[in-house]
Amino acid sequence: MLNRKSIIGSLLVLAIAGTATARAEETLRFATWDTDESLAIQQEIAKKFEEKHPGVKVQVEPYADGYDQKLIAAFGAGNPPDVMYMWNFPQYYTSLKPLDDLIAKDAAEIKPDDFPKGLMNTVRVEGKTYGMPSGFTTQVVFYNKDMFAKAGVEEPKDGWTWDDLRAKAAKFRDEPNKVYGFAVDAKPDPYDFEQFLWSNGTKYISDDGKKIDGYMNSDAAAQVLDMFGDMAKKQEAITLNLGDDTSGSTLFKGGKIAMFQSAMWSKSGIDASGIKYGVAPLPKFGDKTAHSALGVSAISIAKDAAHPDLAWEFVKFFSSPEAVVMRVNDLPVRTSVAEEKGMTKDPIYKPFFDILVTSNTETHAFLKNANWSKVQDNLARAIEATMIDQGNAKQHLDDAVARSKRLVK
Amino acid sequence: MRKTLLYSALILLSALFIAPFYWTFMTAIKSTAELYQFPPVFWPSEWHWENFAAAWNKQPFGTYLTNSLIVVVLSTIGQLISSSLVAYGFARFRFPGRDPLFILLLATMMIPWDVKMIPLYMEFNLLGWINTLKPLIVPAYFADAFFVFLLRQYIMTVPVEIDEAARMDGANAFDIYWRIHLPLMMPALVLVGTFHFMNAWNDYLGPLIFLNDQSKYTLTLGLSMFKGLHEVDVTSIAAITVILCLPPLALFFVAQRYIMDGAVGSSVKG
Amino acid sequence: MDMTYATAAAPTVAKRKRSAFARHIVAYLFISPWILGFLFFTLGPLVFSLTMSFYDWPVVGERTFVGLDNYRSMLFEDQQFWESLWITVKFAAIYVPFNIVMSFLLALMLHHIRFASGFFRTAFYLPSVISGVALVTIWSWIYSREYGLLNFMLSFVGIDGPNWLGDPNLAIIAIIIASLWGLGGTMLILLTGLKAIPKELYEAATVSGVPGWAQMVFITLPMLGPMLLFTFITSIISAFQQLTIALLLTKGGPLGSTYFFAMYIYDNAFKYFDMGYAAAGSWVMFIIVLLLSLGVMRWSAAWVYYEGEVRQNDGDGHA
C-alpha cells in the first residue's frame, strides 16, 4: 500500500515539476511537419542558431501527420508557433507576416537573386511574400539499373517521351512474380499531378482563376488521364492507391517496379535500400516541353508571433547558405549552394535542376482560386474514376467540372 | 462433445483476432528484404530483435513513456473515482432534473471532437495549460459520460433491497456507495479502468493538439512520427506498436480475472 | 424522455422537514463532479461551436455572420452532405446489429467455459489494444489486391480475389469487417453483464424444468437488458463517429464510397478550413444521433428490466 502511494506521489511530483520548468531564456517556437532524418537536420540547424544567439532556445515542434490539425487549433485559439513550415499559403496567408519589407531591408545579406524565380512564386499570394523557401524538390523518374541490365532494356535518356517509357515498361511485366515496369497512382496529389497537364499544354484552371470548363476537362487533360488508365490496362504499370496503400517507393525498393516517378523525399529511403539506381527526367508528351510541379518547404512567421524580431533572424538563418547546405534530404534553394556542391552536374541530381528552367512559366492552381481545395477533391475523384475504368477520362472530367461549377465563379 | 465444439469454435475465432498481432510482431522482426516479398513471409528466416531497440532509440521514447505513464495513471484514478460517484448518483436517487440531466450527459458523448477542439484549446490556453499534461489529466476527474452510463447501467441491475437493508442498519448514502456499491461494482470498475487506460494510452488527438514540445510528447505521438508525409517507416511502426501493446495487455490479462470471475458479485447476491 | 421509470408522482408527504434542495443535496453532491466538468469543459465549447455554425468562419482571417446559410447550403446545395450521410446510415445499419449480436454470441461462449478463459478473453480483446496507425497498416496489408493475405489465401482455393478496398461496392463491406474486429470492448461489457446475473435464477429455472431456450428468453435477455441498451446506444454513436479506419484505410474512396459523414465534417474543418460549415455539420450529426438514441431509449422501455430501479417511495434518496 505504502509502495503504491509513493508511486502515485512521485507521479504527482513529476506532473507538477513538468509544468514548472523555468523560462529563464527566450523560447522561439518552430513548427515542422518533417520527421525522422529531415527532422534531425532541422534540429541541427536550430542548434546552430542557438549557438549564435546565446540565451535563445529554439523549441522544435514536430507535428508530423497532424500538422494541419494542430496548426488550425493553434491559430484558431490565437496561440500559433512563432515560425512554421508552410506550403499552403492561400489558406494561411491572412495570419502570416508579409516579409517583403524585411527582405528589402536585409537584401544584402539575403541575396534574393540567389533563389530560383519559380521557387519565390510559390511563396507569394496577391503580390506579397509570406515565406522564405528553405528546401524544395522537383519530380523525376527513378529507375533500377540492375533490373534494366538484366532485362536488356536501354536506360532512359534526356528528352525521352511517355511513349518511350511505356515501351520500356512493357518489357518488365512478370506476372507470377508480380513485377511491373512502372507504377501509376489512382490517388495522386493533384498538386503534383498538374505537371502532366502543363507538359501536355493545358492546366486545371484559367490564369484568372475563374474558368475550369475547357481547362480541367480539355482534350489534352483527358488524353493525360486516359494514357495512365491505358498503362494500367495494358499492365505496363501497377495501379497504386486503389485499395492498397503499398507505396511506390516500397515497391521500387523491393524490386517490384523498374521505374518510379517521385521526388527527393524518396531518395534517402532508396539509398538506404542499397539498390543501384539512376535518375531520369520526367518524360515529354511528344515534342512538348516537360514541366514539373515544385514542392517547396518554406518557412513563415505568424502575424502575431510572440518574438517577431527573433523569428525573422531565425527565418534568415534557416534560408542562409550555412543552413541550406545542411539540408541533404531535399534540394538547396540557393543556386550558389547547388553549384558549389556540384549538384547541377551530378547525374543523380542534374534532372532535378534541369527541369527548373520551365518552372517559372506556370502557377499552381491553388494560388489562383480560394475554393481550390474543394474543386480539387472533385478532380481527384475524376482521376480515380479514370483509373478504375482504365479510361473514359473525358466523361469523368466533365462530371468533375459540373460538380465544381458552384465553387468556381 | 458440446465443450469440444465450443472450444474448436473459440480457437478458430480467436485465431482471427490474434492474427493481426502476430503479423505486427513478424513485421517488426523481419529484415527489410523480407518485408515486401510475395508470397508473404509468414515465418522470417532471420529474427532481427535489434529492430525493437533501433526503433525505440530513434526518438526519446523513454521521455514519452514517462509522460504516458503520468497521464494514464493519474487520469485513470480520477476517472474511477468521479465516474462511480456520478453513476451512483444517477442510479440511486430521484431528484428534480435528474432525467433531463441524464440525457444531457448522454448527449455529451455525441459531440464530434472537431468542433470542440478550438474552444477547448482556447480555454486551456487561458488557464496556461497548453504544453503541459494537465489537459490530458484534469478532465478525467470530472467523470466521462460513457463510463457514467456504463456504471449506472450496472448499478441498476443490483436490487434496491440491498440498499434498503443497509439503510435500516443506519448506513448513510456515502456508506452505501463505499461499502456496498463499490465492491459490487468491482467488475464494472475494472472494465472502466481498462477502457480508460486504453483510451488514454492510445490517445493521439489530445496530445497532438495540447502538447508542443517533444519533451512533453506521449508514446502515441512518437509512434505517429514514424508516418511522415511521404514515407512510412513500417518496421519501426510495427516494433513500437508491439512494445506499446504489452503493458496494457499484461494489465488486461491480470484485470480480466477480477472482471469475470465474479468472486465479489455472487457472494453478495447469494 | 422520461427514462424507463414509472412516472409516479413524487411522494406527497415529506418524511422530514427539509427544503426540496436540501432534501436532494446528497444526490447533487454525488453527481457534482460531472456537473462541474460539464460547466468547465463542455458547455463553453458547445456554445462556441453553435455560434461558429452561424458564421463564415475560416480558421484564419475575417469572420462574417451568415445566419442559417451554412445549414441551408448544406441541406439544399451540397451533394456531398447527402452522399456522406447515406453512406454513414448504411454503415450504421449493418455495423450496429452485427456488433451487438456477434459480441453477445462471443460473450455467451466465453461465459460457458472455464479452462483457458483468460486466454480467450485477452485474445478477443487484442485488436482493441492496437492503436489506430498500426491497425490500418495491418488491414491494408490483408486487403491488398496484389500482395494481400486475403487474396493469397483465396488463391489456394482457386479464387482470383477481388480488389477489396479498390471496388466501390466492396470497400464499405471491408470497412465494416475491419470495424467489427474491434468488438472486444462490447463483448467485455456484455460478458460483465452476464456474470452479474445471479446463478440462482438459472438453478431455480432448471429445477422447474424450464428449457434452455426459454431461460435465454426469460432470464438472460431481460437481465442483460441494461447492458444491451448501453451497447446499443454507444454502438450507434461510434458508428456515426466512424472516422479513423476509413480516413487511414481508404481515404473515403474509391469514388467516395466510404466517405463517411464524420469525414465530411473533418474535411470541412481541416482540409477546407471552413470551421463554420464543419460546426453546422457537427450539429446536424449531433441532432440525428440524439434523436436515434432517444428513440432507442423509449423503445427500450419495452424490453429493459431494471432490477435496481428506484421505484416510487424509494425516490427521495437514502439519507
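Read from first to last, the chains carry the letters A, B and C; within each, the first residue is number 1.
Throughout what follows, a contact is a pair of C-beta atoms (placed from the backbone, for glycine too) under 8 Å apart; a residue touches a chain by one contact, two chains touch by 3 or more.
Because the structure is a prediction, the values reported are computed rather than measured.
**Q** If you tally contacting C-beta pairs, which pair wins, A-B or B-C?
**A** Looking at contacts between chains, B-C has the larger number.
**Q** Which chain is most remote from chain B in terms of Cα centres?
**A** Result for max centroid distance from chain B is chain A.
**Q** So what's the Cα centroid distance for chain A and chain C, whole Å?
**A** That pair's centroid distance is 38 Å.
**Q** What whole-number Å value describes the gap between the mean CA coordinates of chain A and chain B?
**A** 37
**Q** Compute the distance, rounded to whole Å, between the mean C-alpha positions of chain B and chain C.
**A** Inter-chain centre distance comes to 16 Å.
**Q** Quick check: what residues of chain A touch more than one other chain, meaning two or more?
**A** Each of 69, 72, 76, 178, 246 in chain A touches at least two other chains.
**Q** Going by the contact rule already set, what residues in chain B reach two or more other chains?
**A** Within chain B, the residues that touch at least two other chains are 36, 38, 118-119, 122, 204, 224, 227, 232, 234.
**Q** At which residue positions does chain C touch at least two other chains?
**A** 137, 146-147, 269-270, 275
**Q** Could you pull out which chain C residues touch chain A in their complex?
**A** Where chain C meets chain A, its residues are 58-62, 77, 79, 137, 140, 143-148, 163-168, 171, 249-251, 253-256, 267, 269-273, 275.
**Q** Which bits of chain A are touching chain C when the two form their complex?
**A** Going by the criterion above, the answer is residues 68-69, 72, 75-76, 91-92, 94-95, 178, 186-187, 238-239, 242-246, 373-374, 377, 381, 384-385, 388, 403, 406.
**Q** Which part of chain A faces chain B closely enough to touch in the complex?
**A** Against chain B, the touching part of chain A is residues 7-8, 11-12, 14-15, 18-19, 29, 33-36, 38-39, 59-67, 69-70, 72-74, 76-79, 81, 177-178, 246-247, 249-251, 253-254, 256, 263, 265-266, 269, 273.
**Q** Which residues of chain B touch chain A once you look at their complex with the stated criterion?
**A** For this pair, the touching residues of chain B are 32-33, 35-38, 58, 66-67, 69-70, 73-74, 77, 117-119, 121-122, 125, 130, 132-134, 137, 204-205, 208-209, 212-214, 216, 221, 224-234.
**Q** Would you pull the chain C residues touching chain B in the complex into a rising list?
**A** Listed in rising order, the residues are 1-3, 5, 10, 20, 24, 26-31, 33-38, 40-42, 44-46, 48-49, 52, 106, 109-110, 112-113, 115, 117-135, 137-138, 141, 146-147, 149, 152, 181, 184-185, 188-189, 191-193, 195-200, 223, 226-227, 229-230, 233-234, 237, 240-241, 262, 265-266, 269-270, 275, 278-279, 282, 285-286, 289-290, 293-294, 306-311, 314-319.
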